[in-house]
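I've put the structures underneath this note.
What follows is a pair of complexes built around subunit A, which joins subunit B in one and subunit C in the other.
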Partner chain A sequence: MHTHPTLIRAALGARTLTLNASRRAGRVLAGMLLALATLTAARPAGAQAKNTGAIAIVVHPEVQVSNLSFAELRRIFLGEQQYWSDRSKVTLLVRAPTAYERSMVLDRIYKMDEDRFRQYWIGKMFRAEVAAGPKIVYSSDMALNLISSIRGSITFVPVSAVTPDVKVLRIDGKLPGEAGYPLQ
Partner chain B sequence: MKLLPTLTSLAIWALLPSASLVAQQPGASSAPAPAAPKEEDAFSPSAHVMVFGDATYLATDRAIPSGFLIGQTVGHLIASLTERLAYFGEVTASSSSSGYSVEVERSILRYDVVDALKISGGRYHTPVGFWNTNYHHGTWLQTTVARPEMVKYGSQFIPTHFVGAMAEGTLPAGDLGVGYIVGVGNGRGATISRAGDAGDANSNRAWTAAVSVRPATMFGLQAGAGYYSDRLSTPAPTAVTAKEDITSGYVAWQRERPEFIAEYALVRHTPELGGAATSNHGYYVQLGYRLPGDASAWKPYVRTEEVVTSPTDAIFAPLALGYRGTLGGLRYDFAPYAALKLEYRREQFQGKEWSNGVYLNASFTIPGLGSGEGNPMGHI
Partner chain C sequence: MRKPAWLAEVTVQSVMIVLSILLALWVDQYKQRRAEQELAAASLSNFAKEIQQNEARLDDILPYHKGVRKMLTGLEASRGINTPLEFENTVGLEGLRPPFLLATAWQTAVATGALTHIDYETVSALSLTYTLQDRFREESRSGIQSVLQASNFQPGHADAALRSAGIYLNDVVTSEEELRATYAQAVALLRKKLDTMHPTSGAVDSAQRRDSTPPPQRPSP
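Right, the complex of A and B next:
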């Protein structure tokens, strides 16, 4: 874990100034700034920004599909296709904001920013086109646990997180890592 | 004021399914182990309430009330009763000089057989054109302050509401994204701006059919056409009975850079007791563009529109529905669920003098009150 240099400098500078006035107050202030610097460095955003790997589209193992065209994938993620061919209900799981894989899906599949994405689903529900929006998951582990337990569910996770108890879909005939795969 | 009790009731209603579910959960009794639950048994009903509202400051040289105006306050309930059965309700409270009037705008119970067939019954917004079934009463959802004149609230030009039954779905037509909707219902009431909520005004049911396409290769494009047929019976003193045929079409590009919506409707009336059929036209073209980068909260827009009615139309001529208008405005989304819109309009009603108006509107949605999963508001 690395502390941001600017925050360290700010903390040290603050400490020097306060020593002239009150050593005790300075120690408290410096401690607060260092804690803030530590917390800032520990935020996941930096780590997520560096995660640029492919994402996999995964479904419940009983979903009778192993390949989707990108257009079909988009229709499912847009809530325009709500049932699989075996008539089971599609349950869409979407990562909460700030996850790298969510950003990629919004950019590549939805072609929307966060505000337009929220507006899209509000409009979709308001038009009575869907009875519920996507279910929100807060980690890849949570997504994979739900995928393996909810029949008809579909989501996206980093390829590195995929476990054997879910099914990875081909998109336009390609698996993650293969040339031409659209989500990498 | 009836508004708050109405919304409070909606919110309480939305929360009831989860509360009753908790009461029905099997307790830790020593009953025999139950058989494996069916898929339907594993379903958890959910309900959500959304609220839309807006207020406008209006300055105009028209002889209408100006100043601060409270717009419609809208409560929308969505309840999943089973995996395939859902209820959608929309209630509005509209301000007037004598208080608030409450109206059930939509009340729909729908069963999804598959994507290609969803059957429903209740009170709808008539699927004539684009605006009427895309923005409903959610002012925040639409780019502009107000709806186009041809589909305005309480419109007499087209029947904005429809009470009856519908079948709709998307057809397996490859990447074309073909959707359809057909319905039969009461059609217009004796007061033609109202649907036949308590029965049809005559013994002839209205029917409607519409198709739309959303091609995968042109993501963001939607186009459609529709037809509506009814028999109108107006009360005295006009006391006209006529066949009404409405043909409509639209094209919409909704990617916001740019946003483009164009819609046209032809309303034909054929008197049953003789007389020539008459044609009435309504259209609008709207263009908007959400600015890029750091200015993406801003969206300038323009719209031009017209409603032309025949002077010999036995039903429309006495109502003086003629309209021409042009507007330009700027929308500023200052928060994820709230927007400010500043709009200038130049309008002419039924061939009278042109008027000018400036509208400053604030609109918002409260997108997530309710129970169950799948709430896109608080979590997405």
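Right, the complex of A and C next:
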């Protein structure tokens, strides 16, 4: 019969039993870690790439661009380039604060923290350089949903969330997961 | 009988004084009229820029609101949202927010009395434009409150919030399209007026180019 360790400790107050329980727990933990390591090693390469934390830059499928240099990507995200080459308007969708992909984009693309990011867009609106700041999305699903319905839209999502109905852009000729891709 | 010389001199001097006073009055009146015209022109130019900025903001937000509306319809159909937390994490409130539209040109024109120097037809069109803008703001405010009311967020009844948000966004999109059409008419009227006042100023065109039209064709990135 299995007895809960807390009840045993309360009933007997036996120090030796507690030590035994700790050792047993340690062994179980070590076993779990070993099993996890084995599982990770057994994963196919594609599945591993999905969990590297890479961010994919996705656009509406009709956007006539498939590759951007990192500098061009920066210009678009900074609101300095507001139109695509086919003259359609760029609609920038950005995840709400606290999402890890937002933190990565702020760090790698904007090179700003949250406060500076906010001030940057307020300044641009104040100077009438942009009509409005980026549009906020609350989840990868929302981002992808809007990307597929807003012509000219661009956003970033974790690679694992990408669906076939959006277009993933190459950055400096690299796709997420490839060596030298700047957002991983 | 000859008139005395001093009488002729006095007459000439009197006439000169009267003419000088009349000339001074005319110059003063001319300057004042010129200042009023400049105030009216500056005011019209401000109106044009502001309305174009507002128009650009509507152009910017309209596709987003339409996208969110479409997403809400899909979510409602699939019953994908069941709790208030799911609603918050999936739809959020930012997607429901109306654009920030400016009315500073109107307020400044009222405060400086510039409207009294603008013709009736233009003032009437501007008044209508800003009245519609105010109505849009009020409707958006009350609409968002109706979405956020507590009864929509009872556990297990998040579909009510979805439905309410869908109705609200439908109204918002319709109003935004109406307001956009009104802005376009107001801008056309202002452009005509400004062209009459300063045929070569191009104030409206430069503002338009800055905010809402694409730049000249560039090579694809």
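Just so we're on the same page, the second predicted complex is superposed on the first by the 132 of 184 C-alpha atoms of A that agree within 3 Å, B and C clash if a C-alpha of one lies under 4 Å from a C-alpha of the other, contacts with A are read in each partner's own complex, and residues count from 1 in each chain.
Assume a contact is a pair of C-beta atoms (placed from the backbone, for glycine too) under 8 Å apart; a residue touches a chain by one contact, two chains touch by 3 or more.
Being a predicted model, the structure only gives us computed values, none of them experimental.
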item	value
Joint occupancy of subunit A by subunit B and subunit C, clash or fit	clash
Touching partner for A:D115 - first (subunit B), second (subunit C), both, neither	first
Partner chain in contact with A:V94 - subunit B first, subunit C second, else both or neither	first
Which superposed partner A:R151 touches (first subunit B, second subunit C, both, neither)	both
First (subunit B), second (subunit C), both or neither touched by A:V65	second
Touching partner for A:A131 - first (subunit B), second (subunit C), both, neither	both
Touched partner set for A:R74, first subunit B, second subunit C, both or neither	first
Contacts of A:M142 with subunit B and subunit C, given as first, second, both or neither	second
Superposed model, subunit B segment overlapping subunit C, candidates 60-68, 114-122 or 204-212	114-122
Subunit A residues contacted in one complex by subunit B, in the other by subunit C	69, 81-83, 87, 89, 96, 128, 131-132, 135-136, 151
Subunit A contact footprint on subunit C (complex, rising order)	49, 53, 56-57, 59-61, 63-64, 66-68, 70-71, 74, 88-92, 94-95, 99-100, 210-212, 214-215, 217-221
Residue numbers on subunit B that touch subunit A, as the complex places them	39, 46, 48, 50, 76, 78-80, 83-84, 86, 88, 106, 108, 110, 112, 114-115, 133-134, 136, 138, 141, 170, 175, 177, 214, 216-217, 219-220, 255-256, 296, 333, 336-337, 365, 367, 372-377, 379-380
For the subunit A and subunit B complex, residues of the former touching the latter	69, 71, 74-75, 80-83, 87, 89, 94, 96-97, 111, 113-119, 121-123, 125-128, 131-136, 151
For the subunit A and subunit C complex, residues of the former touching the latter	64-65, 68-69, 72, 81-83, 85, 87-89, 91, 93, 96, 128, 131-132, 135-139, 141-142, 145-146, 149-153
